[in-house]
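The two complexes that follow have chain A in common; it is paired with chain B in the first and with chain C in the second.
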Partner chain A sequence: MRITQGTFSFLPDLTDAQILAQLRYALAQGWAISIETTDDPHPRNCYWDMWGNPLFDLRDAAGVMQEVNACRRAHPNGYVRVNAFDSTRGFETTRLSFIVSRPSDEPGFALTRTEDAGRRIRYTIASYAAGAPEGRRYRSRDGDVG
Partner chain B sequence: MRESAERYRSGVMPYAQMGYWDSDYEPKDTDVIAVFRITPQEGVDPVEAAAAVAGESSTATWTVVWTDRLTACERYRAKAYRVDAVPGSAGQYFAYIAYELDLFEEGSIANLTASIIGNVFGFKPLKALRLEDMRIPVAYLKTFQGPPTGIVVERERLDKFGRPLLGATTKPKLGLSGKNYGRVVYEALKGGLDFVKDDENINSQPFMHWRDRFLYCMEAVNKASAATGEVKGHYLNVTAATMEDMYERADFAKELGSCIVMIDLVIGYTAIQSMAKWARRNDMILHLHRAGHSTYTRQKTHGVSFRVIAKWMRMAGVDHLHAGTIVGKLEGDPNVIQGIYSVCRDAVTAKNLQQGLFFDQDWAGLRKLMPVASGGIHAGQMHQLIGYLGEDVVLQFGGGTIGHPMGIQAGATANRVALEAMILARNEGRDLWAEGPQILADAAKWCAPLDAALKTWKDVSFDYASTDTADFVPTATTA
Partner chain C sequence: MNELAPAGSPGAASAEVDLRALAADTQVHEVLEELDEALVGLKPVKARVREIAALLLVERARRQLGLLAGSPSLHMSFTGNPGTGKTTVALRMARILHRLGYVRKGHLVAVTRDDLVGQYIGHTAPKTKDVLKKAMGGVLFIDEAYYLYRPENERDYGQEAIEILLQVMENQRDDLVVILAGYADRMDAFFRSNPGLSSRIAHHVEFPDYDAAELEQIALKMLQTMQYRLSPSGLEALREYIPRRMRQPHFANARSMRNALDRARLRQANRLVASRERPLTRDELMTIEAQDLRASRVFAGTAERAGPEA
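Moving on, here comes the complex of A and B:
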């Protein structure tokens, strides 16, 4: 399967040039970019690991791209996403968030059903990969752990 | 003293002379202000007609009463203070009326509307009357809860940023069994939509009782969430005959883990406010379908404009409000619709006569509500939808998803790909109005469902003249 979180997951994986164009757009809006990574992409996992603090003072898209690439190199088989944060009143929230790299193999999620009274069912979603300890959850197709 | 004796002599006196017209009145920051479009009967002076509206919507009756003198009546009298001819519409006038804040109970739309639209709309000296806009003072807004969730928190809960949300209404809207209904929900969510929606008139009918619908829909939501790794939702319509029934249905939706419930405008303002409080208490997003509104919002001369309804709904506290599509099958002049979207989404709405906004409106920190564009829209219009409506909106493609020739999942995928491709291109600085069709065509080269959608609906548009249009047009000025 392909996890479709983020603003652009239904498109083919973005090229570096496309990522740069989005970074330029976000910076032009005055937003701060942050980079996050995880190997536990559960839909309710809202706290991915931060790749350092948000880059409040880095206003140069090429510089941000270097950070993106450093994070990708450090997590070749994990998920990496770029967020853009808007601090203006009425927003004060993420305005754009898209995945820039993902494991080559995404096993997806199991849906567990627990039957309850009155035909109710309790649903639990669990990532197949997250059954393994952190850092050993995704392997590239050639067997590397990321 | 003699003056007062004259004023309160028993009998009938023009409203203007009774104190309901004051051309020198300067509205206070705490006044509620309403602007009405009045169409007086032949021979009725527009100022007297405006004063009559002020009188009948505040303290007056048809004749002088001495009991006024037991009160601070001059303070409680609404004051018509300005009457302007409507540009281009002979016999119609905009009447501005200011209301003292103490005339209204805190936090009650029912009380506000019982005054403002309570008696006056059947008043004989007027041929027609329309409430065009209102300025709600910050002091009054602060007594309302507002949207239980709001755009910002909704997006954070759903983990969806940077693009409009995508929805669809299950079709056919009536007749499906619970199991078949849930099938449509699952297919649409798995294919790429964020939400599916009950329609306004699906409650608990012989073909599908509400509990059955809720159970099958939640199976669909959870299954689609596991299949995509995304948070998904289905607006479970809890509209019912009594508040007790609605609470029972809403509690069941919560127990099943739904993130959102839905109500219809026809349940009434008080019921809406009750559900808003329930939703805030239970961490639920509250979707409002504006069923019935066109009976009083559509015609320009009589009724209540939808921008006023939108203001009331932001105060009453709903998170989603159907607010027009511009390009779809339902009424919608671009200027008027954009004005309504501003009412839903701004922190401070600026006066904009061309969009029908007569006042600056500071929303005083009341959360923003997500407008919903629904009715006769399809993937081929994506550039226009984003161009007109922006990104904080739910785009609902019902027929445009379920009627897709390759199936419901393909229909959903076509819409999602069209949306993401268009947002990507917009952010890259491309001109959506000029290049939109090309952006869609390029994406269709690698996305067969989008290609099929564009071919199926390429000639569908709804070009009819709007009835609810702006009265003010920009005048050319020399540079």
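Moving on, here comes the complex of A and C:
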């Protein structure tokens, strides 16, 4: 099951040219770009690991793309996303966040039903991938670690 | 970035391209004329800048007709004595390259050894890469590049910075242009000990020293931008000052002129404050008199004990 988080997530995966265009737009707005990665696809997991420091003071998207590719190489089977932070007073938040790389195989989520008081049912989801310890999820066939 | 146009084969005889229209389109002539006007002297430098602009224009025309147009390597080295305008030209170069579409943003990132080389093992690579990322889409100007290489210390981290630089200069040619600058003799030694670097730099541009007439022109231009002017006797004093200053040690071409003018402004201010019993006119505030220049140590003939700047 393809996870859908962040901007553009219902579209097909962005090509590198499309990612570059988005990065160029973000830089033109004066937003600071950062790259994050994770192997826990739970939708409530908002704390992804930072890939290096946020990239301040960049003028051109080529520098960001270089980092994105470095992060993809290091995590070929994890999720990689790009955030663009707007420091303008009043916003001071992430304005754009989208996934640029995802595992080739996403097993999806199990729905667990828990019976509560008065026969109420509580639902929770758990990723099949998150069953293995961190760093050993999304193992691909050739033994790569995600 | 710029892809070859699939249409139009090299054999298409009817295809034409108007270079003049292309030049007008990029407005590169404006920048070149500005360069001519704003910078005094520097003939070989201007000639080289023109050549590069022409080359890029032709490349653009070729691309329009679907001819093979590999982006040329434009890394440069600027060598010359202090104060000959290396940084100024680099700044303008960034703008010219931007107009011609060779770099995407046209900003200049000026760095020295400290910005590239780290303090401890593992510090240099991220630092250099950070600087390179910031310079992407523009021009990276490395002032006094020879400090990167310290042969006397074999564990110096400068070598690591050079290697990363080389890699990016080779592989990401259309992302940034690197300009190395420094004094001629030390740059030569630097290139001799780093042949890989020298061979990746297509353009070695030498900045000649200015002669007295050019320096006078430069000084007058500087005064104009600072909204000052010389009285007739002041101009005479300047004409005497320049050859004297040129003979002194630590002469730094245009920079010495700027320093001399700054000190003249200081003396002028002092003189005006001393005569404060009457109101000052606009003219008096703008004019630098002969006495402001003649008070310089250059005229006192005490060059022996002069510091770095007389």
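The definition used in the following text is that the second predicted complex is superposed on the first by the 142 of 146 C-alpha atoms of A that agree within 3 Å, B and C clash if a C-alpha of one lies under 4 Å from a C-alpha of the other, contacts with A are read in each partner's own complex, and residues count from 1 in each chain.
Just so it is clear, contacts are C-beta pairs under 8 Å (C-beta built on N, C-alpha and C of every residue); 3 or more make two chains touch, one makes a residue touch a chain.
This one's a predicted model, so the numbers in the text were calculated from it and none came from an experiment.
Trainee: Quick check on the chain A-based superposition: chain B and chain C, clash or fit?
Mentor: fit
Trainee: Of the partners chain B and chain C, which touch A:R95 in the superposed model: first, second, both, neither?
Mentor: Touch partner of A:R95: chain B, not chain C.
Trainee: Check the residue A:T4 against both partner chains and state whether it touches chain B (first), chain C (second), both, or neither.
Mentor: Touch status of A:T4: first partner only.
Trainee: Determine, under the contact definition given at the top, whether A:Y47 touches first (chain B), second (chain C), both, or neither.
Mentor: neither
Trainee: Tell me which of chain B and chain C touches more residues of chain A.
Mentor: Tallying touched residues of chain A, the top partner is B.
Trainee: When the two structures are overlaid on chain A, which partner does A:R120 contact: first (chain B), second (chain C), both, or neither?
Mentor: In the superposed model, A:R120 contacts chain B only, not chain C.
Trainee: Once the shared chain is lined up, is A:Q66 touching chain B (first), chain C (second), both, or neither of them?
Mentor: second
Trainee: Looking at the superposed set of three chains, what is the minimum CA distance between chain B and chain C in Å?
Mentor: Scanning every C-alpha pair, the shortest chain B to chain C distance is 15 Å.
Trainee: Which chain A residues lie in the overlap of the chain B contact set and the chain C contact set?
Mentor: none
Trainee: Within the complex, which stretch of chain A touches chain C?
Mentor: 52, 55, 57-64, 66-67
Trainee: Per the contact definition, I'd like the list of chain B residues that touch chain A in the complex.
Mentor: My answer: residues 152, 155-156, 159, 161-163, 192, 215, 218-219, 222-223, 225-231, 255-257, 346-347, 368, 413, 416-417, 420-421, 423-424, 427-429, 443, 446.
Trainee: Which residues of chain A touch chain B once you look at their complex with the stated criterion?
Mentor: 1, 3-5, 7-12, 14, 18, 21-22, 25-26, 41-44, 46, 83-84, 89-98, 108-111, 119-121, 123, 125
Trainee: Help me check something: in the complex, which residues belonging to chain C touch chain A?
Mentor: The touching residues are 104-105, 107, 126, 132-134, 136-138, 172, 175.
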